[in-house]
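Think of it as A, B, C, D, E and F in the order they're written, each chain with its own count starting at 1.
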Amino acid sequence: MSWVEPPFSAVTDVVSRALAEDLGVFGDITAALVPSEATVAAILRSRAPGVLAGRACATEAFRRVDPTTEAEWVLGDGDVLAAGSVIGRVSGRLASVLTAERTALNLLGHLSGVATLTRRYVEAAGPRARIRDTRKTTPGLRALEKAAVRAGGGVNHRGSLSDGILVKDNHLAGLSIAEAVATAHARWPGIACQVECDTLDQLATALEAGADMVLLDNMDLATVAAAVAAVAGRIPVEVSGRVDLDSVAAYAAAGADLISVGALTHSAPVLDIGLDLEA
Amino acid sequence: MSWVEPPFSAVTDVVSRALAEDLGVFGDITAALVPSEATVAAILRSRAPGVLAGRACATEAFRRVDPTTEAEWVLGDGDVLAAGSVIGRVSGRLASVLTAERTALNLLGHLSGVATLTRRYVEAAGPRARIRDTRKTTPGLRALEKAAVRAGGGVNHRGSLSDGILVKDNHLAGLSIAEAVATAHARWPGIACQVECDTLDQLATALEAGADMVLLDNMDLATVAAAVAAVAGRIPVEVSGRVDLDSVAAYAAAGADLISVGALTHSAPVLDIGLDLEA
Amino acid sequence: MSWVEPPFSAVTDVVSRALAEDLGVFGDITAALVPSEATVAAILRSRAPGVLAGRACATEAFRRVDPTTEAEWVLGDGDVLAAGSVIGRVSGRLASVLTAERTALNLLGHLSGVATLTRRYVEAAGPRARIRDTRKTTPGLRALEKAAVRAGGGVNHRGSLSDGILVKDNHLAGLSIAEAVATAHARWPGIACQVECDTLDQLATALEAGADMVLLDNMDLATVAAAVAAVAGRIPVEVSGRVDLDSVAAYAAAGADLISVGALTHSAPVLDIGLDLEA
Amino acid sequence: MSWVEPPFSAVTDVVSRALAEDLGVFGDITAALVPSEATVAAILRSRAPGVLAGRACATEAFRRVDPTTEAEWVLGDGDVLAAGSVIGRVSGRLASVLTAERTALNLLGHLSGVATLTRRYVEAAGPRARIRDTRKTTPGLRALEKAAVRAGGGVNHRGSLSDGILVKDNHLAGLSIAEAVATAHARWPGIACQVECDTLDQLATALEAGADMVLLDNMDLATVAAAVAAVAGRIPVEVSGRVDLDSVAAYAAAGADLISVGALTHSAPVLDIGLDLEA
Amino acid sequence: MSWVEPPFSAVTDVVSRALAEDLGVFGDITAALVPSEATVAAILRSRAPGVLAGRACATEAFRRVDPTTEAEWVLGDGDVLAAGSVIGRVSGRLASVLTAERTALNLLGHLSGVATLTRRYVEAAGPRARIRDTRKTTPGLRALEKAAVRAGGGVNHRGSLSDGILVKDNHLAGLSIAEAVATAHARWPGIACQVECDTLDQLATALEAGADMVLLDNMDLATVAAAVAAVAGRIPVEVSGRVDLDSVAAYAAAGADLISVGALTHSAPVLDIGLDLEA
Amino acid sequence: MSWVEPPFSAVTDVVSRALAEDLGVFGDITAALVPSEATVAAILRSRAPGVLAGRACATEAFRRVDPTTEAEWVLGDGDVLAAGSVIGRVSGRLASVLTAERTALNLLGHLSGVATLTRRYVEAAGPRARIRDTRKTTPGLRALEKAAVRAGGGVNHRGSLSDGILVKDNHLAGLSIAEAVATAHARWPGIACQVECDTLDQLATALEAGADMVLLDNMDLATVAAAVAAVAGRIPVEVSGRVDLDSVAAYAAAGADLISVGALTHSAPVLDIGLDLEA
């Protein structure tokens, strides 16, 4: 397993659920029209440029529908796709390939879409800032989408509420930033305590409180630059909100170390990948 | 349950999985910093115009994290949202509300995004053609996304491979259209047999074979018009491929009864819905 | 919970699976045609004489579809039904009641069918022999069917391969009856070791080996009587095979303590129970 | 996969649940008495005439208990069985075969029972009418039982509440037949709207409303004949209620296109299939 | 499967849950640092004397993480371990072996700990009394821990509340011992009815009531001896409470047939088993 | 939810599995002997000094068996228990309370055992070092055991392989420490990279490589002191191996910031907690 791939348990889990969802009570009643002895070889091909992700899901979809289906891969997660790139080749019983096709393509297309959008942000941001995802993922697909972000060259923010601390405004209804940071440090040695700041005043408070990272939310470029100056390299600075493909380079230039973008996982359009039967 | 909502079993299933995914081993370690006696009231508000979907998911997310959290709704699935529309109000323990917030918003935002894009297609198409979804849904979320399409004014294609027959080119590697239609009719009385046609010749064959519906795939407008003329109202005509928000009206004008759009579910951007704490 | 009812965990498990199976991707699209404000009261009524079983399943089906549906019961598991007996009354939203109806009735009808057939055997056998079920149960429904057998006046054989020892001919391919009994006693103090015997010779061997119970399989009446005489009351004697409603009294008269009947669970016809809307 | 077999996901699901149910906490404590090196070959044989169904379930049961067990099949789902027909042959470790035996036979026997009863109805009905199942299936086994009906020569009614519309009397508490049909057509293009009719008046209303199919429920033969005449071939006519093996030919002769029989799945007795060890 | 091993369904269930728990959202991010082509061979070795249990779990953990990992075993469940004993050898991709290592060792160590403590009790008790476990097992691991007790030379008490009757003081709030035993015998032929006794008076009542076994709870040695004398070999006598490694021999000497010890499963320290990479 | 409690999803998951495991096919056949109208009130009481953990599990066990059972709590997770401390009071149907009792007590006893052992280490270590757990947890119970460690005053190490990086010797078969740390930092900003060191040389390498934390494994006290001096407060120092209740104070005195102890979760004996019926 490459580090840009998801854990196998997430793959088997999602694929088995997707197939059960699609097979319903009767199974694939159209594919069952096809003579069972008919076989096929087919090419998985990208129809648009992008970055591949989700290969393990596709393998699992074909294998689970029919263990005799063979999948051979030319490219892997994180590889760059041109329009027309051959990703891999699938061969076996025609009915089995057709039954698994949509599940395999849905996962490949969605996850490659996430990887592709991530890559666009990464390239737009340039080498000075890293692009991060958020918890704004599709329910049930977090492990897969976060792996797709890695395949696209991004890095991951928290995997869950359990493995990172991010103190936001709403948490401060009952305690101060200083209390939050101190309590977090006492309870969770080894887990960074990040504080979301909407203003330079909050930033000053967060720095004084000993935050390990700050998340500058919804600040304009000038304020981000001022914030970066105030932090002066002592801790990593992350920026979120107001960032899109047009503005990301400017935010990177303003000195952000990390830029988190919800759109990577909540608004990435599918990457068009198709299965073409060989003649 | 309104007909634009998903079955409750899909709601509880997806929400419980989403929360387990987000709570991880330690739970919400940031919310646990908040004093447990702190309470809150908050407004769910749309930050952009669109159509609401996913309300039952949000209710379930708040309730499952903490049954004492109250959710009151002003709007329901299928209702139109302006930027700033109040959707509902949530009140209860602060920590509980914050823990459930992201899961609730992820589902509301994604499903309202699907409903909103559907509505745009429906309005662009006008009253002469119905907009349909496809099986290009997010794995694990089909029931929810198909309900969101209904909330947006669209209609549903097959729920699964089990409840509709759609004969495509790839199925014809081992049998003729005539054989496919005849076998389908013999096996599945009561289920419509739809045949995908790429050419007018195929259409003629499908009509002769007794197809109950045809899906004209990737045809230009002139060919669609010719196909509609050939069908002459005997069976419903569906169009797919090459359709986007700019072209959908023209395809409708060309006489399509149904227009199916994969983008509704595979490429709808999130609708921005937020939770604002009351002062 | 009465002892004739199944454990609640089996009830919730089976009902949630049954509803998910029946609701599919779109839910109950016919019930969704009904105005959501329409309410109803309905009577669960037996349309044939029999014995009730499965009440907890019906309660759970109505409750899970809609917690506002009320179920009030007149009769309980194990109660005798005449044709026309009122079993209970359900009231609530019309659409909710209709959606849950089939799942509730499928479980009530099947389990009452098991209880009813059991009662017929119990009555035919008379007071001298007890009627037992077997492991020939419907996959996934064992706990419910075994409870229905109790509701019908029968007693349960093993719950699973784990909680009883029954040495059959096929087990003796690799060891003697004496070895089997000795090993079973050594390993599983507190679990009775029953030996299946097809002949009086085998019975003699089993008795000598110290079997705690014997199962006389496929013996005619005279041989059963001879076997009962040979056992002479030292251990319980169970009879299986060749037993039907016509012959069960004779087998009881021949001295069997227990008579096990696979048909109770694998071949019981449904008991016709219906839901009649009140005017 | 032949079209008379269930989707593989239903097979693995049911078999794994059945085995867990039967293995309990200790596993098969009787089979564990057998020397682990003992091997066996055994024949699966029908002990009564009928139609085979459930082969994939049996394969899965033996394989899951022990992947080294080999199953070779002579016959497949839908094949006719005489008393004594050899269905297949199983070989491997004796203990493994004995542990899986009951689960395999329970599924084979029950599903072949459904197929066999279906075949009897199909033959009794003759070529003019098709026999259909209903939603009166065993909870958790719908996909398997519906496949068994196909194996027996029947055809399937709805797979779930989600994939067909059947308007019954009880749905009309809040809307008219005309409203129901119109709404159904508007919402669900491509899904047939069937209306249950108890009288010729209702039938007239349903026809006028544009129903796609009618279900004549509990009508006597003369009324069915009158209804068939009234429909005059415009839409398919299905009959249910009052139909048994004695009357099914008459209902077919009265002109029903389809005859649905709940008993196929709720009251089919087991088909006796056994496992005989080879000498 | 040897009789000292758990049913395979419990093994796959526990291992898949343990791996999902440990892999989280990102998978093993440390192992992913390792070059994917690196391979390894490693020895599973006991670092302390004891008894092995849990081998099937370890096999499954390595296999499920990566089916290409090979596990070869030198020893099996129930075998005695010295400090330094080689248990088996694992070879395959380095990253895969490291990912599975902790799950495999956690299960091996815990279950071998149970087997080892059981063996110590068995040896301390001597041949006159059998050591039994209780229902005081770790939630979710009952089947595995009960198998480990067998591997350690002990025997199992009830697998669950479903497969044995043990009447305790608390059950007598609403019925007498005589009523309890009589009802148990009537309802559950073939299941032994054991009665817990705290005093000799209760014992006398239990004997008179026809209890099949008694459990002498929290009695001192002299009272146990008196109780054994009172029972006079008619039924098995089990002792619980006040028993530890120091006193178990005396209780055995006092005549107990069975001695049940909760500590076997609720307080067994881990057995230290490690994975040493080969040079 | 207090921060010393586990996420609710882990609680419901473990409890439902534990109850299903204990209820088996027939349910609690002993409790079913009790008249169903009998009620009871009972006190949960500690029989030994310790620290409470697992309260939410006990609540859930009683509630799930019977929602009418009331549990009132005097103490909460993290509270100190004397022998005889009243923890809470349970009241409701006698049969329901008895059925849930063992599951509730198994979880309370095990988790309080973990909390109690943790507290002993915390007190022995004194205020200068924090006690941490490891991944050596019971499969399936990680979230609960890690919460129990917090209840006992300890802090948590990684929740899973996904949320922390710990480079051990075995990972270095294919890359250097410097490469490991650099890659980890590049891939996982915000996640600390900890390096296990067996020698002072390795420590020097780890420091130079930029490790964020070190884990000194199996070092004697003098070496630990030398290591602490070498680190000179730049990063946190954790110690593991060779630590027990006798030596932990010395390791703390040697300057460890954190001391991780596998025994907290793999070898904690149960804390004896009982349920006493009120007279």
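Throughout what follows, contacts are C-beta pairs under 8 Å (C-beta built on N, C-alpha and C of every residue); 3 or more make two chains touch, one makes a residue touch a chain.
Note that the coordinates shown come from a computational prediction; the quantities given were computed from them, not determined experimentally.
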Steps needed, at minimum, to go from chain A to chain F via contacts: 1
Most remote chain, CA-based centroid, reference being chain A: C
Numbering shared by both copies at the chain E-chain C contact, with half separating same from different: same
Furthest chain, CA centroid comparison against chain E: B
More contacts between chains, B-F or B-E: B-F
Euclidean distance of C-alpha centroids - chain B vs chain D, Å: 32
Intercentroid distance (Cα basis), chain E paired with chain D, Å: 43
Chain A and chain B: spacing of chain centres that average the CA atoms, whole Å: 22
Multi-chain contact residues (two or more partners), chain C: 3, 7, 21, 23-29, 33, 142-143, 156, 159-160, 162-163, 187-188, 191
Residues of chain D touching chain A in the complex: 1-3, 5-10, 13, 142-143, 146-147, 156, 159-160, 163
Interface residues, chain A side, partner chain C - complex: 21, 24-25
Footprint of chain D on chain A - complex, ascending: 16, 19-20, 23-29, 32-33, 36, 65, 95-96
Of all residues in chain D, those that touch chain B in their complex: 3, 7, 130, 132, 150, 155-157, 159, 162-164, 187-192, 194, 213, 236, 257-258
Chain F contact footprint on chain E (complex, rising order): 14-15, 17-18, 21-31, 33-35, 38, 40, 94, 98-99, 101-103, 105-107, 109-110, 113, 135-143, 159-163, 165-168, 170-171, 173-175, 179-180, 183-184, 187-188, 191, 262-263, 266-267, 269-270, 277
